[in-house]
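One structure is given below, encoded as structure tokens.
Chain naming follows the written order as A, B, C and D, and within any one chain the residues start at number 1.
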Amino acid sequence: MPLQSNSSAISKARFEAFSDGVFAIVITLLVLELRVHPTLSAPNLHKELLAQLPRLGAYVLTFLPVGVFWVAHHLMVGSAERVDRVLLWVNLFFLMWVSLLPFSAGVLGGYPNSREAVALYGCNMTLVEVFLLWVWGHITRHLLDKNIGRGFIQTGFRRIQTGLLLYSAGALLAFFAPTWVALALFWLVPISYVFLQAVSDASPNAPHLK
Amino acid sequence: MPLQSNSSAISKARFEAFSDGVFAIVITLLVLELRVHPTLSAPNLHKELLAQLPRLGAYVLTFLPVGVFWVAHHLMVGSAERVDRVLLWVNLFFLMWVSLLPFSAGVLGGYPNSREAVALYGCNMTLVEVFLLWVWGHITRHLLDKNIGRGFIQTGFRRIQTGLLLYSAGALLAFFAPTWVALALFWLVPISYVFLQAVSDASPNAPHLK
Amino acid sequence: MPLQSNSSAISKARFEAFSDGVFAIVITLLVLELRVHPTLSAPNLHKELLAQLPRLGAYVLTFLPVGVFWVAHHLMVGSAERVDRVLLWVNLFFLMWVSLLPFSAGVLGGYPNSREAVALYGCNMTLVEVFLLWVWGHITRHLLDKNIGRGFIQTGFRRIQTGLLLYSAGALLAFFAPTWVALALFWLVPISYVFLQAVSDASPNAPHLK
Amino acid sequence: MPLQSNSSAISKARFEAFSDGVFAIVITLLVLELRVHPTLSAPNLHKELLAQLPRLGAYVLTFLPVGVFWVAHHLMVGSAERVDRVLLWVNLFFLMWVSLLPFSAGVLGGYPNSREAVALYGCNMTLVEVFLLWVWGHITRHLLDKNIGRGFIQTGFRRIQTGLLLYSAGALLAFFAPTWVALALFWLVPISYVFLQAVSDASPNAPHLK
């Protein structure tokens, strides 16, 4: 019954559309954590806006990696021949941790000097990277298009592992070092993406993933 | 007037796109129920984060079934030859109850020991399953692609009925048993999806719906 | 320069995708107006949930017409040969009033017996219908596919005018009659859509718009 | 390895879909800044609604340009042959400032007479226009479809520069002139879009960008 099993297959197009939708909404919900209290009197607005600076920082710190996750996810799924049930579930868990980021970013923006807030943010990002690693591991082991080269696969793993290392180190260091150390590690992630790309773009035809 | 009636038809592609959009937004809005009060003093953050654990539980408890509903909806609509007006309306009511889930999940997360909150959550999920059953019943009776096998149809009904039974039982038991009994039934739904699939995936070529 | 003017054209596909996205988000944001105060004590939850009933009513009262607007918009744009600049602007204003509905529905849900809330809701819906009428008028005058029949055009106008009449009458009556009269007129809109369709579906091949 | 480099390319379709999603969500989130306090007593609703008028103004003032940015973005990307990494990053920063608009619009709506609020709004819009200019500059220098005419390119630059000028002038004047002067400049942007189009539409075959 080939048509039957065909109809029970998940189309890659809708799988991508659903994931894209979640990414676009998560990235846009981040702004809801920036909010001036509506009953504030006007002369205090200046102070209140300055007090929002850590929240703006958490907004930028989270917006850029989510954008990078979207690109990485897009390239990874694009290199898969098809979508199977395991990928569907692993991806759902991945999206669940991505969707939690507005909360963790909001807590970090509200309490940038709190060890708990830094650790929460680091843990959330670590979970995102772990499930992204699982997505890529599953695709490369079981679903990979034959034409994808080894270099592309390895670049992917290296980039995810870099993020995973930085975020998990930050989560741990939150309890053993000043919080700015962990925050510096978190900031390294988006900065390294830009920098690594500038370097790798210099060597033409190099395979890129993130 | 064939072109006229053609132009008044709902294209399956846009029907799917609209439904996908609603699913993606609902699943992402769930995070808004997790929220640390902005005027909290930093030393109390630890306690506040622990107090958010039931809300995190309600988040996971709802995120996974909504993801499953999306897959089920996708497979169901994918096995329909076309979309008619009745399906349009039944689907709109289905989406209306799905869109209500962030509210019910938020109440459950805030009051996990309240009989009313548990019953509200169970009722909302029951309504979702009832309208999903209606969607599937209407498609299989009137709009089904000829190549879809009986096994696929019946697996679909069995899966929806399992969810319907567990959620409605939980809603009723909320008033006659300790609330953890109902919550355990609710958790059975996402767990059973994972477990049933692990079993059914062991038999190759078996028809899957959810 | 045919290719140049081609590149400055708005593709119908992206015009539709943007409108669909706005509809899907508006319809899902409606749930945010239902919200139990997080610091409420558990024994009062029962009363608080009952107090949310008017908000649930406003949710249903608004969800169904927005779904209908989406279908109508879809059929209208589907019967246009192309999208021009005027349609782009009229549609943007139409979407602006649609996007305002979560606010008006929230005020109505919070103050169902207030003349101001009822009038606000009626005015917002009237503006939505006026711009939908403009959309349909512009398409039928300038952009219509030649194969669309007169019956289809007229059914479209009749349906929009029915909604326009009921909403504007409700907005006016809010100040001269008990508020339940206006609310009854608002409820007539989704009910009439279901009823009219049941009737028109009985006559096969009849042209439908909404 | 042509297929490998192909798989690491960003498809224009998904790039557009992601950007469209962000635009649709941002434009819809603007309404969340309009909110009547839920514990307000009914007789004061009239006053409260009047007090929301500046917020409604900020809503309209922001909704229309975001719609225009969407159209402009659509036409610009549509005139690119392909999407490269630089465009991906510049676009991500562009979307980051667009996504911040609900916050800035909310502050402006809450404090329309505050110099800080007006300057914040002007700065945010200026950043949006700067990155849109960068997007257009990068596309026209590196990625442009050969069939795009000079007039189309220049109209694009002129329109972006007009917006950039008005918004940045408003941001600066916020501190040196009455706030209504800056607000008038901000209102000139959507008004000029409508007016300029009415004029340019009068000359047939004229290249349009925004």
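Methods note: contacts are C-beta pairs under 8 Å (C-beta built on N, C-alpha and C of every residue); 3 or more make two chains touch, one makes a residue touch a chain.
Every value quoted in this text rests on a predicted model; they were computed, and no experiment measured them.
Enquirer: Quick check on chain A against chain B: do more than half of the interface residue numbers occur in both copies, making it same, or fewer, making it different?
Expert: Answer different: the two copies use largely distinct residue numbers here.
Enquirer: What whole-Å value do you get for the distance between chain A and chain C if each is reduced to the mean of its CA atoms?
Expert: 36
Enquirer: Can you give the whole-Å distance between the Cα centres of chain C and chain D?
Expert: 25
Enquirer: For chain A, what residues touch not just one other chain but two or more?
Expert: Residues 17, 21, 25, 29, 32, 35 of chain A touch two or more partner chains.
Enquirer: For the protein chains shown, what form does their contact graph take: line, ring, star, complete or other?
Expert: Topology of touching chains reads as a ring, each chain with two neighbours.
Enquirer: Quick one: which bits of chain C touch chain B in the complex? Just the residue numbers, please.
Expert: Residues in contact with chain B: 16-17, 20-21, 23-25, 27-32, 34-36, 38, 40, 42, 45-46, 49, 59-60, 63-64, 67, 70-71, 74-75, 78-79, 145, 147-149, 151-152, 194, 197, 201, 205, 207-209.
Enquirer: Quick one: which bits of chain D touch chain A in the complex? Just the residue numbers, please.
Expert: Chain D reaches chain A through residues 1, 3-5, 7-8, 10-11, 14, 17-18, 21-22, 25-26, 29, 32, 35, 37, 85, 88-89, 92, 95-96, 99-100, 102-103, 106-107, 110-111, 113-114, 116-117, 120.
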